[in-house]
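Got some structures for you, see below.
What follows is chain A paired twice: with chain B in the first complex and chain C in the second.
Then we have the complex of A and B:
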């Protein structure tokens, strides 16, 4: 009887540990790209944070708009001062989940096709999104990647009239997160 | 008659030079020089986190986009593809300082001197307050 109890306790301890596995990154990368004859918007943000809950596939991601850096100082200035109005809306946030997380085995190395769905908030505007991506499991680490377009109009990004025609409405976002298992110290 | 044409020509040429110069300047504008900027504020990481977390909106107004000099204990060092960040103060109450990429390129040995548990003073641009990362400073330079 005692042995059974001990086994049960140990099992539930391991089970709890397993299901409370959170993976985290504070160095996630988002590249943004848009090209027209007049303007090339080429920026990158390497301070994107994200937590992936390995129990259920929930994902949150957040970043500060000001962390985006651009090749051209002019674009950086416009992006930071005008277009995204970071003084009013300093953050961009995603709250959602990997829809087909049951297809993923985080204990088995491999590349998994996933669908990520949830709410994306940019410039104070929230939209539901659903995009394909990949989850690469390798030796206890998880890498998540996805790539999709966002419409500037959808998020009410303020482009001056003068540049409106010069900048394409669709901006490509390329996302790359290298998650590590979160160990409480 | 001829005099007017001459003046028009001068104005047109001047206009072209000014216009061309402006376009050149605008498209080749230099990035903001964080390295040489005097910090708007000097704080300990602990106080910076405390103040910012108590009133995020006030924090954004006060610190947002400003250059801040911060001193604190290193609780985490992240290095991904040679992008290095020092996380200061406390894992749950952190000031996350991402080093400037040029600075990283030119100061590898200096950066390697800093270890977990040690103190560091950095200067960088405050991007804001993030729910996971705490206070975020980017384009940071090590002061001491």
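Then we have the complex of A and C:
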């Protein structure tokens, strides 16, 4: 009896692996925004790559920090040269999962409230995050969105004393991933 | 017996948990192979479009306007009466605009000889690393200048001069700018230059060939030491001309770049400082100067396109 159960568990692993469908995007978007009366930071990165494993709700995402573009070229230069230092830490990555993925039916059109949890690495520093988001299923395509604040201090992005008033510690990230079914090439 | 089963199940659950963790790494591996690697363009070789007097390889990128006011005071050896040159300030102001990421155009007006000039600078190669390596960045700079000072070289006043009496006031500069950012601190530039002046004083050459050696060393965040020396082929023992030499600092603030420096050149336009530098560092013929640059974004949504 117990042996049968174990065999069942093992087979269920193999089965999960076999049916696991993956969704991918290479043009995901992250917008960063922060405003003080002195200074506005308004940047966008449209080259974010991410995979969603539809078998278990695992999500990974990765982007080159230097793919962020800003309204003002000088802000872009400061972002790269003085703050995020992509020469030392070229990538920002996320590894995690949709916690309540059992609530989502990817075969049925609809908008699902989700919670995303995992490890976010920015500027070489990794923190556990857990944030609400939405998953929109439409005709086989999946769109994932979330927005949340990150603290510059948490990720050891150093703001000089003179600019503390101009740059807030909390930076808003708005994330928009447009997944398509992944076909191995 | 039961405990053994429990242990086995517990063991399997542990494996399944670690498998799941591993599978996120597997996903990351897939992602890494799916995303094509792009060459990494080396940014900010210099903080400004100028090293000190001369242009650097940097340009204004698309829809960025640089409003720049360059000041040049008098000579230090004018002594205390002229407050070491501070009484005699000249200014140049200029607008430089990025038509796109590789092409910049500029308009400038300078006090010295009341000069106007039009310029353009474009990028030929950018320094890249990663899957495609380009060891240096190369830009080309062209300038046309027009000195409008009345009485210049006994030329007639431009208000009632014929065209062939105006053209002698023109000068042209071509520069090939070759730079490499060696690391976050050190950038070096070579600037082979050619200047043609339509009219020169008797005994002077119309054409000057020059080779510039410039660089910066960023010794702390936001502050760099800069230097610039031009070898010019019209300098001889018998004439009054000197090689232009400048030393300074680049200081960045939020939206500005300040450049403060000492130089032996009075003029700020290329044909001026390459061809008309007559002061010498050795006898205190040094001018204090600073460049102030403020960059504006013209129009919205450059980054959202």
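Operating definition for what follows: the second predicted complex is superposed on the first by the 166 of 185 C-alpha atoms of A that agree within 3 Å, B and C clash if a C-alpha of one lies under 4 Å from a C-alpha of the other, contacts with A are read in each partner's own complex, and residues count from 1 in each chain.
The working rule: a contact is a pair of C-beta atoms (placed from the backbone, for glycine too) under 8 Å apart; a residue touches a chain by one contact, two chains touch by 3 or more.
Please read all numbers here as calculations on a predicted model, not as lab measurements.
Once both complexes are superposed on chain A, the partners chain B and chain C clash.
Once chain A of one complex is fitted onto chain A of the other, the partner contacts of A:44 are limited to chain C, with no touch recorded for chain B.
In the superposition on chain A, A:66 makes contact with both chain B and chain C.
Ranked by how many residues of chain A each touches, chain B and chain C are led by C. Of the two partner chains placed by the overlay, only chain C lies in contact with A:166; chain B stays clear of it.
Of the two partner chains, chain B is the only one that A:178 touches; chain C does not reach it. Applying the stated contact rule after C-alpha superposition, one finds that A:97 touches chain C and leaves chain B untouched. Contact with neither chain B nor chain C is seen for A:57 once the two complexes are overlaid on the shared chain. Of the two partner chains, chain B and chain C are each touched by A:74.
Of the two partner chains placed by the overlay, neither chain B nor chain C lies in contact with A:144.
When both complexes are aligned on chain A, the segment of chain B among 6-14, 78-86, 114-122 or 132-140 whose C-alpha atoms clash with chain C is 132-140. Residues 24, 26, 49-51, 60, 62, 64, 66, 69, 72-74, 76-77, 80, 87, 90 of chain A are contacted both by chain B in one complex and by chain C in the other.
Chain C meets chain A in the complex at residues 5, 8-9, 12, 16, 19-20, 23-25, 27-28, 30-32, 34-35, 38, 40, 43-44, 60-61, 64, 98, 184, 221-222, 252, 254-255, 295, 297, 300-304.
Against chain B, the residues of chain A that register as touching in their complex are 24, 26-27, 46-47, 49-51, 60, 62-67, 69, 72-74, 76-77, 80, 86-87, 90-91, 178, 185.
Those residues of chain B that touch chain A in the shared complex are 26-27, 29-32, 60, 64-65, 78, 80, 83, 85, 87, 91, 96, 98, 125, 127-133, 136, 138. Contacts from chain A toward chain C in the complex involve residues 2, 5-6, 9-10, 13, 22, 24, 26, 39, 42-44, 49-51, 53, 56, 58-62, 64, 66, 69-74, 76-78, 80-82, 87, 90, 93, 95-97, 118, 160, 163, 166, 182.
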